[in-house]
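Heads up, there are several structures right after this.
You will see chain A twice below: alongside chain B first, and alongside chain C after that.
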Partner chain A sequence: MKYAGRRLLHGAGLLVAVSVLSFLLAQVAPGDFYSQWRGDPRISTATVAALRAQSGMARPLPVRYGAWMAGILRGDFGYSLAYRSPVAPLLKERIVATLLLTGCATLFAWLIAIPLGIWSATRTGMWGDRLSTAATSLLLAIPDLVLAIALLLLAVQTGWFPTGGKESRGYSRMGPVQQLRDLAWHMALPVAVLVLGLAPVLVRHVRAAMLETLDAPFALSARAQGIPRRRLLFRHLLPAALNPLVSLCGVSLGTLLSASLLVEVAMGWPGLGPLFLEAVMARDFAVVLAVVMLSAVFLVLGNLAADLVLYRIDPRIRTVDG
Partner chain B sequence: MKRRCGFLAVVLAPLLLAGFLAPYPYAEQHREHPYVPPTAVHFIRARPFVQEDGHLYPLRLFPGNGRLFGVDPPAVVFLLGSDAYGRDVFSRLLYGGRLSLATGLLATLLSLALGLAAGVVAGYFGGWWDGLLMRGGELAMALPWLYLLLAVRAVLPLHISTLDSFLVSTAIIGAVGWVRPARLIRGVVLSGKERGFVLAARGFGAGHGYLIRRHLLPLTAGVAGTQATLLIPQFMLAEMALSFLGLGVGEPVPSWGGMLNEARQYHALLLHGWLLAPGLAAIPVLLAFLLVADAWLFRRSE
Partner chain C sequence: MLIFRYFAPVLLVLSAAAYGQPGDAFIVSGIAGRSGGTLVFAQRNEPKSLNPAVAADSASREVMHRINADLIHINRETQLTEPALAKSWTVSSDGLHYVLNLRKGVRFSDGHSFDADDVVFSFRVYLDEKVLSPQRDLLLLEGKPIAVRKLDAYRVAFDLPGPYAAAERLFDGFVILPRHILERPYLDGKLAEAWGVRSPADQVVGLGPFRLKQFVPGQRVVLERNPYYWKLDKEGTRLPYLSEVDFVFAGSEDMQVMRFQTGESDVISRPSARNFAVLQKEGERRGYTLKDAGPGLEYSVLFFNLNDSPAAGNAPFHRESFRRAVSLAIDRDAIVRLVYQGRAAALSTPVPPGDKAWVNDKLPRIVRSIPQAKQLLSADGFSWAPGGSLLDPAGKPVEFSIVTSAGNSERVQMATLIADDLKPLGIAVHVTPLDFASLLNRVFQTHDYEACLLSLSEADADPNTDMAVLLSSAGNHLWQPEQKTPATPWEAEIDGLMRRQMVTRNRVQRKQLFDRVQAIVMDKLPMIPLVSPYILVGARNDLGNFRPALLDHYALWNIEELYWRGGRD
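Entry: the complex of A and B
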């Protein structure tokens, strides 16, 4: 458990560093929400200064950081000046939407990648492997953005899928089954884009990891003992190949969240991405800071989870690390 | 490997020659021709013509304005159609690609330079420097890259001139991407430091500067090269993302991301499918870089 404690401490330290740095950066940024009124003849400079003082922007820096941090720990992310409402409730629905998207995409991408990667690794040099390698290379070269817009084009032209949003009108009046179906219908295209972007990367890694274990002496001896092929692949080789894949799971989260931001903006999915972009454009730093902190939390938690899972499943790490 | 490099050259050449291949300047507007579908080129006795108001105009090679082809004024030639202001999508696509490529290359240079500096210092001097630089790297990796990019962009002024915004987005993309090359180079330097010839040179009294310049930097060339082929397409994608989100170079300068943003409008999707062209143009370019990077990695691993 010492290992877990150390990883936890490391993650917490990272988050504190991110919070200090992003807070400082937001302070040195030229202009704030009020600077849009600077040239406005209807609002005097004194009014703007008074508004600034009222929102607490005139206090010394460490005090403001302390107040901000204390608020976050209480679940209060400050006040959005552009939305004229506290940030926390704004974020709540957006977080759910983004996590729904990325969670489903991760699940489906792995469900595709593991069998395909294994299948491809057992057929190196044959047409099946070549086809899958060529397909993954091609898919890797297609930007998520282009995929998103192409699928949007499909949705517009055929009318099979909605062209944005998370739920149909009258969603709240539907029964639970219908709600689920409606949600799935709206999610289908954004998730498809993310899966098509993520799965090729995963397939390549699964294939590489499996190739390495297929060559290992223990695999040869297991095969010589006549263990059936499927059992050999899934019970003996896959767990041994899992190590790099679990850490990949943590690392790919960052790429996935970035891709998700683009897809959300391109396809009109009401997640964190559009909110973040609007906040950047409006210089609404309370929201910018909140989203930055949240994305850091997601990433740190993802990596932490990967570390802990790795520690659980891979005895090699336990022996090295005590 | 040779074939793949050839493919890359073929794909990049049109972008580099944009000023010659594009029939129009990127900002030239033909207000009377908004959203024109791709111009049909008629071949009559093996010579190309373009139709305009019922008249045929010859499509001329080297029309004398320093460009490869064009037609005389009342007629227009839009190989990939035109956008809302009647600007030639084909010309804008080429110029936009050149911009993406320039961003990718410059940002890669910057991040390799930063990565080399950080990696060599961390690996060679170790100790305090190593800790500081690698913790800094972890900090930079603690955010998803696009969130980091937007957060840094948020700090800088929004409304700036085209050249400034080009430089700003290049600098941000390059500065954000230094961590991975730095870590790899640090590893190379760490193991290279203990190699026999480096120890021997040190035994003869070679200074830090000499050792780094003469022995350690050449060792990192392979890693730096592979990283470059991997980073250039990534950074081109990052540029596309930024300009798509409206934070890259602005109008009237074309960029693939900005053009895609226009294509995303509902009516554009429904009626003007050719606006998707810049997105499709990105695919062979990225694929070429990917193939070269793959071949390079494969060769190094053997």
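Entry: the complex of A and C
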């Protein structure tokens, strides 16, 4: 409990630091939401000035920060000047889409990475391992955006996949099976990009962790005792290799909200990414800050969950803590 | 059968009454089409609001104008005004009083009757200082508001505080709001929040050809046919022909292009020249046609910071000779060729050639000439260092940076070409792309820049829209905004000419005044006109009545007339 409390306090401190920094950065960024209105010849400077005053931009910085933080603690993420609406309902719709995408991608990436990493580790130096290492190196070297463009080109040339969006027209009139198929069809390319970006990192970590345990004296002893290979790998070696993987899993969970932002923009997925980018460009800071804070909360919670799991499964941490 | 024969005329009269009196319907002149089908239009961003009183972004306007209608409309094809919800109007001899006669029997998309109360309410909202509608300033003439009075249920008077040429053009874009829906939120001070993206579809009500059916955040807005629309075709069929319009949000121009290419959208509006060329290659195979409508009302300019700010200081661009030399050194034809692949017009006036009625075509065409540019500079005391660098009259090397919008690759390319063009003059130019908000902040707030490359877009083919840029007191007087008194005699002369053309009702005299304004701008060159891109659009081959326009809403301006030739579900 003491350990969990300390980690929680650490996370809360981190969130306060993120909130102060992001709020300050938003304020020092050149221009504000109404800067773009200044470029519209239909709108006079007096009207823009009145709108600025109406939106409370003229209040001192600490007052604005205080009001914003008080709102966040009440679950009110502020008011979007672009949408003329509270931010929370805007985010709710987008978060679902983002989590759907990243959740599936993370799951698939882990499902690929664990067996492939173990398989690769048990065949060190053999052609299979070399092929796997070369493929992961290549994928690691290709930026997600390039992968996205390549897959979009495939969609344009073949017509096999849609070039954006989450649902087809008339989605609400489809039956559940048809809806699921339609959703999967739209998700295929963005999920593929995310999996191809994430899986190589995971494969490498799993392989490295397994290699370390494979060479450990206890593994040698177990092998000498004639424990069957499959049982040895999954019952004895994998649990011993879990520590770094649990930490990595925490990061995976923590980045569920933020990992796909660029891919969403590039592939027209209606998640937080396009909303966030548009808000940054338009200086709609309430939306920007809300997305940053939510991403930070996810990251803190993901890491906290990993820490707690590690605490539970690794007695060494409990000893150090105690 | 007998019963039907007796009652058929009664039924016809009843249905006419339900949907508006035939005498008051607007008959469109396009080819009569066939009803049904959905049109999919991919636009870059999602609308932020469907509230005409507060929305300012182009994505919202694109959708809103399909749901709403105005009193007097500018026909995008003829560029002339035509009756819309006002079937006719009269003007007093002094041009200060307009009386608009409204169509009778017109209904909002929820079936509620439209009358003068809706008009008075709408303009009350637009003029309200608390609402701060982005369109409010258009209804202020020299700071004074236009007064709106109800004369009877179908007549409304507009009293102008001063003479205003072509005042009927002002009405375009001021869509009529439903008093029965929006009066309550207005009185409660919550009008700005009304008709947001999560409003129930049946609460968003208008007089346009379509009404809101569904808004899926981040994905699409679906509009359905307004059964009460007040326009008919030549054969008496009630418009619009299309059953639904599906606005899908693509996120970027490239995604828009891909969706059009793959058939996921039916119309594309304003792709870049580069994408237009890509799309052209596959038009035949994929069943679409692209159209180049020629130069529109958008044009790009290079201007220098003429404010009394530290960034401008005693910079050489305060000298007319320097600005003229820079203009002479710019190869506009190369910009047209390399940046726009031939789909733009090189400019010699600050009015684009798309504004056919008002462009001063007597002004000489600017032909690139480095020797002439050098001659101008040396005559004004500039010299060249042994290495070829230009030195100002004080002996300081001349260099400056051009800020432009990073999100617009064409502008960045233009700035880069200009930097190259100015090398033979010995001027070092640095191109600094900035995000749009930062750019506008520098130009209009901090004045922390030396030169800027921007695009201007005239909202209407009329000189009055240029007041916001050309008047020295205007906020968009790019090179030195909001001057208390004109900084130079020629700016004072432009102010006088623009104010005179604004009140002159004789079109020939207005043209003469505006020609002189253009001549002064080209002589003093506070902004250097560069090029005007062509209006490029595309549509599926079987879309009927598709006639792109040079004014805003280029592809969908006549959406009520669009139809599928072969029929589509």
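Rule of thumb we're sticking to: the second predicted complex is superposed on the first by the 301 of 322 C-alpha atoms of A that agree within 3 Å, B and C clash if a C-alpha of one lies under 4 Å from a C-alpha of the other, contacts with A are read in each partner's own complex, and residues count from 1 in each chain.
Assume contacts are C-beta pairs under 8 Å (C-beta built on N, C-alpha and C of every residue); 3 or more make two chains touch, one makes a residue touch a chain.
All values derive from a computational prediction rather than experimental measurement.
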Superposition on chain A - do chain B and chain C clash or fit: clash
Partner chain(s) touched by A:305 [first = chain B, second = chain C, both, neither]: neither
Partner chain(s) touched by A:288 [first = chain B, second = chain C, both, neither]: first
Which of chain B and chain C A:257 touches, first, second, both or neither: first
Contacts of A:138 with chain B and chain C, given as first, second, both or neither: first
Which superposed partner A:208 touches (first chain B, second chain C, both, neither): neither
Touching partner for A:265 - first (chain B), second (chain C), both, neither: both
First, second, both or neither for A:163, with chain B first and chain C second: both
Partner chain in contact with A:93 - chain B first, chain C second, else both or neither: second
Touching partner for A:82 - first (chain B), second (chain C), both, neither: second
Selected from 44-52, 116-124 or 152-160: the stretch of chain B that, after superposition, runs into chain C: 152-160
Touching both chain C and chain B, counted on chain A across the two superposed complexes: 29-31, 152, 156, 163, 265, 281, 283
Complex interface listing, chain A residues touching chain C: 29-32, 35-45, 47-48, 50-51, 54, 82-85, 89-90, 93-94, 97, 152, 155-156, 159, 162-167, 169, 172, 265, 268, 270-271, 274-275, 278, 281-283
Complex interface listing, chain B residues touching chain A: 135, 138-139, 141-147, 150-158, 237, 240-241, 244-247, 257, 260, 263-264, 266, 269-270, 273, 276, 279-280, 282-284, 286-287, 290-291, 294
Touching residues (chain side chain A, partner chain B) in the complex: 14-15, 17-18, 21-22, 25-26, 28-31, 137-138, 140-143, 145-146, 149-150, 152-153, 156-157, 163, 253-259, 261-262, 265-266, 276-277, 279-281, 283, 285, 288, 291-292, 295-296, 298-300
Partner chain A, residues of chain C touching it in the complex: 38, 40, 45, 48-49, 51, 54, 56-57, 129, 132, 134-138, 140, 192-193, 196-198, 214, 216-220, 222, 246, 248-252, 255, 258-259, 261-264, 407, 435-438, 440-442, 444-446, 454, 456, 459, 465, 468-469, 474-476, 481-482
